[in-house]
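Down below are the structures I want you to see.
Two complexes are shown next, each including chain A; its partner changes from chain B in the first to chain C in the second.
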Partner chain A sequence: MMIEDPYLGRYVTCVSARSTDKEILKKAQDGGIATALMVYALEQGIIDGTIVAGEGDRPWQSKPAVAMSREDILKAQGTKYNISPQISWLKEATRSYGLDKVGITGVCCQMQAVRKAQLYPINMRDIPGKVAFTVGLFCMENFPYKSMQSIVEDHAAQSLSSVKKMEITKGKFWVYTERGNVATVPLKDTHKYEQPGCHVCLDYVSNLGDISTGSVGSPDGWSTVFIRTKVGNEIWSRAVADGMFETKPIEEVKPGLDLLRKLAKEKIDKNQKTIEERKTFGVNKALRNPYA
Partner chain B sequence: MTKVVEISPTTRHEGHSKLTLKVDDQGIVERGDWLSITPVRGIEKLAIGKTMEQVPKIASRVCGICPIAHTLASTEAMEASIGCEIPEDAKLLRVILHAANRLHSIALHNILILPDFYIPGTETKFNMFTKEEPARSVMARIARIREIGQTIGAITGGEAIHPSNPRIGGMYQNVSSRAKQKMADLAKEGLVLAHEQMEFMLEVIRNMQNRGFVEVGGKQIPIPKTLGYHNQGVMATSPMYGSSSLDEKPMWDIARWKETRPWDWYMGEVTIDLEDPSYPLGGTTKVGTKANPRMEACNGVPMYDGQPVEVGPRARLSTFKNFDEKGTFAQHIARQMEYPDCCYTILKCLDDLNTSGKVVADNIPLGDGSLGWAANEAPRGTDVHLAKVKDGRVLWYEMLVPTTWNFPTCSRALAGAPWEIAEMVVRAYDPCVSCATHMIVLDEENKIVAQKLMQW
Partner chain C sequence: MRGSKSRSGFDGEEGGSYKGDKTVTNKIKIGHVHMSGCTGCLVSLADNNLGLIKILDDYADLVYSLTLADVRHIPEMDVALVEGSVCIQDHESVEEIKETRKKSKIVVALGSCSSYGNITRFCRGGQHNQPQHESFLPIGDLIDVDVYIPGCPPSPELIRNVAVMAYLLLEGNEDQKALAGKYLKPLMDLAKRGTTGCFCDLMDDVINQGLCMGCGTCAASCPVRAITIEFGKPQGERDLCIKCGSCYGACPRSFFNFEVIDEFEGINEIIAEALKLGENDD
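Take a look at the complex of A and B:
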């Protein structure tokens, strides 16, 4: 039975979960769901490689990579709060990398891009049938690399090279360093750094992924997971049966779906307003509504 | 008494072309003119002032059938002009891309010509769209051969049509070891299929060659033993890949090439006075219509040693493998014989390919305006591109594509054929007419706007 929620999209089930793999949990942003799912799919032959947000040239810079081993998938763990153009490698994954069954991890807009590429494959010849499994992340906003640098280096006054983890939660941007420093920046100071496109984004929980996951709704170290499509459901059921994940019904955890729905509603309503405002912005030249 | 009959447009090949034929009382061609009526793109002029990186991408767009040949010939013409040697692994990737393209192209051409041929042992010609055997399984095999060629092309080239991976100085990226293995698996499968398809085609072609007659539009037309024979020479630069002015021993000689005008080569104004409404499909041009090949031709007429030459599989085989048959059927046979070599070449190159090797040259000079050329042995023949690059910009650019060479040669080869099977002669060249267009002479109302446009 499919559940339909105006803010959380269509899904079969929603659970709170975390990976049972100690190595994956060690470096996971939350419950290690994104990584564990891709590793499982790779080992089961469901995918033969996946696009992840790998390491860029500078500290905490993200750069898309095609990972074809457990080791390479694990290297991409942790949230990097700067843009990683995942879809730019979608075609290449099927070309010089030689993949036939491609996995993709990415934020909500990237899930949209994948579906669009499948539906209308301009410059994406032979791609539609090669997308085997997608795991979407929840996403409130993202930043250009230099913006993230300013937030961490200037506002939080930490050196990026010694940062261990970054996180956006409880109204703040958190920076944890190797030496144990914990610095926070209130989100009202980070808003101006967000990429403008995020202000017209009407998806918070990757409605178009096969499975989508994020931290909000579940306790620390656990993830909220939406199982959305047939492909997603099949992989999730097999992975749980094979002992890859511990799960709890989402109704039994705090803060649960209510908080998630509240944040989703806030994002979507706010961004809907921006879209409305843009309609009348400029002289006889309204900015385009990206959803029209 | 000589009459003029015209088949326009010709069908089952790429682009738009026509045949204006002077025939005798028996309908035998005395003089044939085969010319391009595809509008010119003007790529050579567009190229001027562009960067050397841009031009191969633009040149590739002249045609959707031969973009690989044009990308490679154009890129290598730039490299020849600036004097850039590319790394070995980049070269291997290019050869794989090239061979994969030839593999798919031969198979594609099989679909186009088979409707001219009889199923051996029957009086039925092939219809490639029926569910009936043998057409059904032959089509399935052709489709798979093409898929294999195109997939290998997409892996090495980035894209099987208008490849994105080749660049000045080599290739943008090498392939993964997984991709290399995938290509090897595909080429192994392709080799078996290519052999089967070659054997099948050879049987079909020999069967046709031994028939006395072919049915066209309800009439039995005799097939002369000398169908498609001509006395022009052949030109080829390599059995598989090509040559460039950077080679120690260049296989093409610019001094032997000269461009002439269609004005000097094709017949002047004629009036059609023979018409056959039963000629498939829809009959020939109406009696009373005027034709003017020398003004209508959208192709140039290049000469080698002062004469038109034949390029393509038969030219390659007779230059490098002592193949001594002539004419239409020999061209078909030579083309089928190139099938397995495509797969062997891919496998050989994969054996040598180091997937961690570098694929971009360390030093890519910007050019001093020197002339460089590169010839690529495209499926349908020698594709020569010439360029002068200075400070990274293209000063001058010329494309001498296979079908341009073949237009005048094939025109000569039409003599002696019953006009009803002139199209069979044309199809044996696997023409790609879009590529072969050179200059424009018509405006929107089809009026001549520039007489003798090219004068020098």
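Take a look at the complex of A and C:
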């Protein structure tokens, strides 16, 4: 039975979960779901590699990478709040890397890109059949690298290279450093740095991933997980049966789905309004609507 | 069991209302019209392998193809897949494309040369044995075109999807027709949008419009790797760009029709079911 929610998309089940793998939990942003799922899929032969957001040349710069080992998947752990053009590697993954069963982790718009590439494969030969498993992340917004740098260095007054973790939660952008500093920036100060393309985004919880996950809705250290497709359901069931995850019914955790639905609604309503306003942006001149 | 049932239409488990309730009887007539193209598009069509055989067995008759069928004159067709641009100094080609329009219900520009001119835009003539053949136009500059399948070469899977959807549009039940109409619409809109393709389309209609979100799809779709991503945004090496128009079509912010793409699971099943070889097909 599919549940259909106007803000949370279609899903088979939603649970709160975390990985049972100590090494994965150590560096995970939340419950290590994205990493544990891809490692499991790799070890089970469901995928033979996955696109992850790896490390770029500068501190905390993200850069897409094709990971073909547990070690490489783990290297990409943690949320990097700057654009990682995951899909730029989609075709290369099947060519230079020779993958027949590609995994992809990425934010909502990247899940949309994958599904479009599967249904309308414009110069995307082999992609429709070679995408084997996708794990989408929840995503309110993302930042250009220099935006993230301004937030961390100018507003939070921390050097990027000293940062251990960043997180957006409870109305603030949090910066944790290796030496134990915790600095926060209110989100009202970070909004102006957001990537403009995010302001027309109509998906908060990666509706089009096989599985999607994020922190909101679950307690610290746990993740909220939506199982969305047949592929996702099968992999999730097997992984849980094999002891990869601890799970709790989402109804039994705080703050639960209500908060998630509230945030999803806020994002989507706000962005719908932006799309509406674009229609009368100029004098008798509209900005383009990508969904029309 | 499902193998024998599949002949009767699209009865995927989750096919729901798209489920076919009548036996496939009317095959549609498809033709491949070869203008100035490298035959890469035709090879892509053929690369559907068993899928192509299934299409030709159950859904379509190939009534015209210089390479694959022995027919000399353009016949009446339901769907004309036109590969290549038209050399306007070649009288025969010009007549043939006009004839194609007259005799076809749906004209599909197959591939980037047909849609956008693509590599043939760079032709300057002067070559043996027709040195005067120097001007090549995408077919949309000479006739009305219904559907674009951009790509250099176009992906076999997109050709397959359009073929299945064109069949459903012409011969399916009401629900199937509606689905096919929705599926084909963005490819029809591309055909209305214009006959030039370029990295500039991303600049003009995506990035300058404040729509780019740095997914990187454009870079993956570019056949000549003209697009790199610098600090999360696409940069085009415009001298490398062959003007194929793929990046724009592939970009999730050029078109994104939720009513179709949200149904990806069901549609993939319908297509897989439609192309599944039945017990009598092998």
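The rule we apply is simple: the second predicted complex is superposed on the first by the 292 of 292 C-alpha atoms of A that agree within 3 Å, B and C clash if a C-alpha of one lies under 4 Å from a C-alpha of the other, contacts with A are read in each partner's own complex, and residues count from 1 in each chain.
Throughout what follows, contacts are C-beta pairs under 8 Å (C-beta built on N, C-alpha and C of every residue); 3 or more make two chains touch, one makes a residue touch a chain.
Quick caveat, the model's predicted, so the values are computed rather than measured.
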**Clash-or-fit label for the pair chain B, chain C on chain A** = clash
**Request:** Please work out whether A:Cys201 is in contact with chain B alone, chain C alone, both, or neither, and reply first, second, both or neither.
**Result:** second
**Request:** Determine, under the contact definition given at the top, whether A:Gln86 touches first (chain B), second (chain C), both, or neither.
**Result:** second
**Asked** With the two structures laid over each other on chain A, which partner does A:Asp21 touch: chain B (first), chain C (second), both, or neither?
**Response** neither
**Request:** Go through the superposed model and pick first if A:Asp30 touches only chain B, second if only chain C, both, or neither.
**Result:** neither
**Request:** Look at A:Arg125 in the shared chain and tell me whether it touches chain B only, chain C only, both, or neither; answer first, second, both or neither.
**Result:** both
**Complete:** Per residue count on chain A, the busier partner among chain B and chain C is C
**Which of chain B and chain C A:Glu167 touches, first, second, both or neither** = neither
**Request:** Select, from 40-48, 112-120 or 184-192, the region of chain B that bumps into chain C once both structures are placed on the shared chain.
**Result:** 40-48
**Request:** Pick out the shared contact residues on chain A: the ones touching chain B in one complex and chain C in the other.
**Result:** 91-92, 125-126
**Request:** Quick one: which bits of chain A touch chain C in the complex? Just the residue numbers, please.
**Result:** 10, 64, 82-92, 106, 109-110, 112-113, 115-129, 142, 144-146, 195-202, 207-208, 229-230, 287-288, 290-291
**Message:** Could you list, by residue number, the parts of chain C that touch chain A in their complex?
**Reply:** 44, 150-158, 161, 183, 186-187, 205-206, 209-217, 219-223, 229, 231-234, 244, 246, 249-250, 252-258, 260-262, 264-265, 267-268
**Complex contact set, residues of chain B against chain A** = 151, 154-156, 158-161, 165, 173-176, 178-183
**Fill in**
chain A contacts chain B in the complex at 48-49, 66, 68, 91-92, 94-100, 125-126
